[in-house]
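As structure tokens, here come the structures.
Next come two complexes, and both contain chain A; in the first it sits with chain B, in the second with chain C.
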Partner chain A sequence: MPVEARDLTHTYNVDSPFESTALDKVSFSIADGEFVGIIGHTGSGKSTLIQHLNGLLKPTGGTVIVDGLDLMAKETDKKEVRRRIGLVFQYPEYQLFEETVFQDIAFGPKNLGLDKEEIERRVRDACKLVDLDCDQVGEKSPFELSGGQKRRVAIAGVLAMEPGILILDEPTAGLDPYGRDSILNLVRLWHERGKTILMVSHSMDDVARLADRILVMNHGRLEMQGTPDEIFSQEARLRSIGLDVPAVTTLAGELNRLGFDLPPHIHTMEDMERALASALGGRPAAKKTEEATAHA
Partner chain B sequence: MEIIRASDVWYEYVNPDETGEMAVRGVSLSVRRGEWLSIIGHNGSGKSTLVKLLNGLYVPKRGSVTVDGIDTQDEERIWEVRQKVGMIFQNPDNQIVATVVEEDVAFGLENLGVEPAQIQPRVQKALEAVDMTRFATVAPHMLSGGQKQRVAIAGVLAMRPDVMLMDEPTAMLDPSGRREVMDTVERLHKEEGMTVVLITHFMEEALRGDRVIVMEKGKAVMEGKPREVFTQVEELKNIGLDVPPMTELAHRLRADGFPIAGEPMTVKEMVEELCRLKQGI
Partner chain C sequence: MLKDITLGQFFPGDSVVHRLDPRVKMLMMVAYIVVVFLVKGFLGYLVLFAFLAGATLLSHIKPKFLLRSIKPILFIVVMTFVLNVLFTRGEKLLVEWGILHIYWEGVRFAVFMSLRLVFLLLGTSLLTLTTSPMALTDALERLLKPLKAIRFPVHEMAMMMTIALRFIPTLLEETDKIMKAQTARGADFDSGNLFARAKAMVPLLVPLFVGAFRRADELAMAMEARCYHGGGNRTRMKVLKVQRIDWYASGVMAGTLCLVLLERLL
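For the complex of A and B:
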């Protein structure tokens, strides 16, 4: 399901002294099955942007088109759009409310009017994706779980709606490395099912590792868009707008200035390991790739 | 000289299932004046509970915690303890109470009953220390996350604590906000001699400190200089933790058969080591 933003503009508090433009003519299109990372400093408009994509916020100018449905058109059924787009907010664990984990995950599918068997199937499938044992935790209260587990339950609730497009707003904020990897892993699994992913992140390493394409927001405008290679090769520009590049990219730049002839576009640990192995003596580290993916 | 001492501290929740937090099981540690101690560990390892024990929000079930010689169990002196140990939390929005930056920084001082004539200079000095003077009269909601967090730090500084206890202060910030806050902490530590206890998930932040303690299942399982702790890559990975990116790279290159000497942990050190290796070929 393609997503398209056309001149998307959002001005808060129009015609008041507090008027501020959070989105300024943002246009992009995202193809089916793409994994798109959205980066930008705090207040750059990322969260405002994603809240437009499923019609939670109404643009003050321009429009969003999801799978051919124009969100600004009167006849568009907004509910239908929300069914297709799953939105995982920041700190989604604060939105858990049901008595049991099972009921919490089942809440969305139930509202879709699905029958009991289908609901059960979806809850179990979602549990499996987020690596929770449904039989073990299904009857527990979500509030008995650890922070990382709560977040996975909340995400499972969105996955159980089986949205074609999954949008996540900083899904790993505040998690330890293990919790972070398990969230990123489930996002990757969901993507492998051919779903479209939009992920807002402050971690350049995560975006470099996972995204096919990156949108860079700055002061409400779409400052850059391109593949990780295109984006992270512009270190100075990224720094000037409060962002960063992965540490290995900085290292690659330094080394090349000193005459190491490393190939361009090194953004992940695996890239760097391979590049150095050949620069330092041609001992290839090809065998490591699999292990590296597992780590990711 | 030590400012905080925890001796065989135990803390257990009555019903751990309900809180989801792990207990602290027999932790002993000491924080020296002027030191920067970082505490790392995964979620549920007991770090946050330990932090709450260090400034007397919790009192130990067994063992004791003293701050500048005052036992946190001493109810009469608990406010002294809290004043000596200033806390910075994860979410900047939860720590800002006033509608103007300088009023927010003054909030703690007013509560302490500081003379009005003294409040203004102390607020100014605190704002200078975090480089936020030019925002003194701005509304906090106009600030970025990193700036808000620096205001929160100023609010703590104005109260002149002996220790700054920070519980994942950069978890919600973007890369520039993170850098801003950590640079501020580092400057306060180096130039003003501020004692810092930092809980973090970002290993690069722990690298900046003097000492690291690794928590696991309520116990302190590793302790040492950042260089000593982070080079134990396998042990850290086994308990679900990361190592700083350059340490990870060094570890991988070594596994590939390259003789990486020393323990490069920063980009600069890695560049030097790789240049040395390359010349050796």
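For the complex of A and C:
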């Protein structure tokens, strides 16, 4: 299910003194099964952008086409679009409301009008994906859970609708390292099922590790788009718009300045491990290589 | 939908009207309301209009923006007009159609009543547009201070008002956000019968209440952490001072009041 944005423009508070342009002629397309990361400074229009993709916000200009459905066309059924595109908002745990975890996850599927068995199957499947024991947690109130668990329940609620395209707005914000890893892991699992993913993130490391392609937003415009290698090799430009490169990329630069000869395009921990192993492996000191692999 | 509320929305600026002492503005508002109810004829409304137009001009607020605040009460204005036209009896009959009798006095009265409502709303809107909610509650606290003598908790009331006003935009924003999140999960807020719609509010209201209580809890904690203990012995960062411009403004208000009184007597 491809997604395409054409000259997408959104102006808040039109005709009032608070008028502000949040999106300015943004165009891009996303192919099936892609993992796209969206980065940009605070207020660059990322959240506004993703709310357009499933018709929650109406653009002031331009349009979005999801799988051939034009979101601006009157005859397009918005509900159908929302069935195909799942949207996980920032801090999704604040949207939980049901008496039990099971019922909360079942809210989405129920709205799709599915029968009872199918709902049950989907809820169980979603629970498994987010690493929650449905029999154990299912009958608890969502308000009894820890912060990380709540967020996983909320994400499960969207996954249970089985959208072909999943959009996440900073899914790891405010979580501890363990919670962060478990969320990113489930996003990856979902992607491995052949689903399209769009993830807004402030963490360059996460985006570098997971995304096939990156969209860079700046002041409502699409500043750059390309593979992580293409984006993160332009460090100066990223810094000029309030962004950064992944920590390991900075480290690789520092190491090269100290006399190492690491290859370009080191953006993930795995890249770094490989590069270091081969750089150190080429040296006579075998002990160092062992250390490097031990750390790997 | 939630963004269309102008009433009570402060409009930052640096005009003469913005800079007036909020206490003076509030007292002027009381005088203004009295004037609106004293006005008897078109001449009086002309004076009132001149006053309001002058104040609006000085405040640098676009008339279009100010007029927008009438929208919520437009229905009431129209109803008032129609009912007064139809049911006021008088001497000079204008139209007679079946059981409908429209008198000149009825039309006159209807116009006056509608104008009265519109002027009331425009005046109060001008106050809230040019005065921040904080300044308003501040002024209210100072003006109600004498009530402390009868143990009325003036400071606590003002603090509660400040907090309530402060959180209106936050709660609106949150409502919007939760609504969108639930819509993304297939919730439908706009269709179905009354019962279905009421039921559809549950996924919106529960998170909203939970959020409101969480916020209240956090705010109470933050206030206590900064040693808040009510109104006793508190000094102010911004001490309100009546300046020359405030006297001028009061003078104009008093002049308007006199003119309208004069019109009433003549």
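The rule we apply is simple: the second predicted complex is superposed on the first by the 278 of 296 C-alpha atoms of A that agree within 3 Å, B and C clash if a C-alpha of one lies under 4 Å from a C-alpha of the other, contacts with A are read in each partner's own complex, and residues count from 1 in each chain.
Going forward, contacts are C-beta pairs under 8 Å (C-beta built on N, C-alpha and C of every residue); 3 or more make two chains touch, one makes a residue touch a chain.
Everything quoted here is computed from the prediction, not taken from an experiment.
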### Message
Of the two partners chain B and chain C, which one touches more residues belonging to chain A?
### Response
B
### Query
After lining up the shared chain so the two structures overlap, which partner does A:Q51 touch, if you call chain B first and chain C second: first, second, both or neither?
second
### Query
Of the partners chain B and chain C, which touch A:G179 in the superposed model: first, second, both, neither?
first
### Query
Regarding the shared-chain residue A:I105, is it in contact with chain B (first), chain C (second), both, or neither?
neither
### Task
Considering only touches as defined above, state whether A:F143 meets chain B (first), chain C (second), both or neither.
both
### Task
With the two complexes superposed on chain A, say which partner A:Y94 touches: chain B (first), chain C (second), both, or neither.
second
#### Entry: Touching partner for A:V158 - first (chain B), second (chain C), both, neither
second
### Task
Once the structures are superposed on A, label A:R82 by its partner contacts, choosing first (chain B), second (chain C), both or neither.
second
### Task
Considering only the touch criterion stated at the top, classify A:A208 as touching first (chain B), second (chain C), both, or neither.
neither
### Query
Which residues would you name on chain A as touching chain B in one complex and chain C in the other?
143
#### Entry: Residue ranges of chain A in contact with chain C within the complex
13, 16-17, 51, 54, 56, 79, 82-83, 86-87, 89, 92, 94-97, 107-108, 111-112, 143, 157-158, 161
### Query
What residues on chain C touch chain A, complex-wise?
3, 11, 62, 65, 174, 177-178, 180-188, 202-203, 206-207, 210-211
#### Entry: Complex contacts: residues of chain A adjacent to chain B
40-43, 143-148, 150, 173-179, 202, 204-205, 242-244, 246-248, 250-251, 254-255, 258, 260, 269, 272-273, 276-277, 279-281, 283, 285, 288
### Summary
As the complex stands, chain B meets chain A at residues 17-18, 20, 41-44, 90, 144-146, 168, 171-179, 201, 204, 240-242, 245-246, 248-249, 252-253, 255-258, 267-268, 270-271, 274-275, 277-278, 281
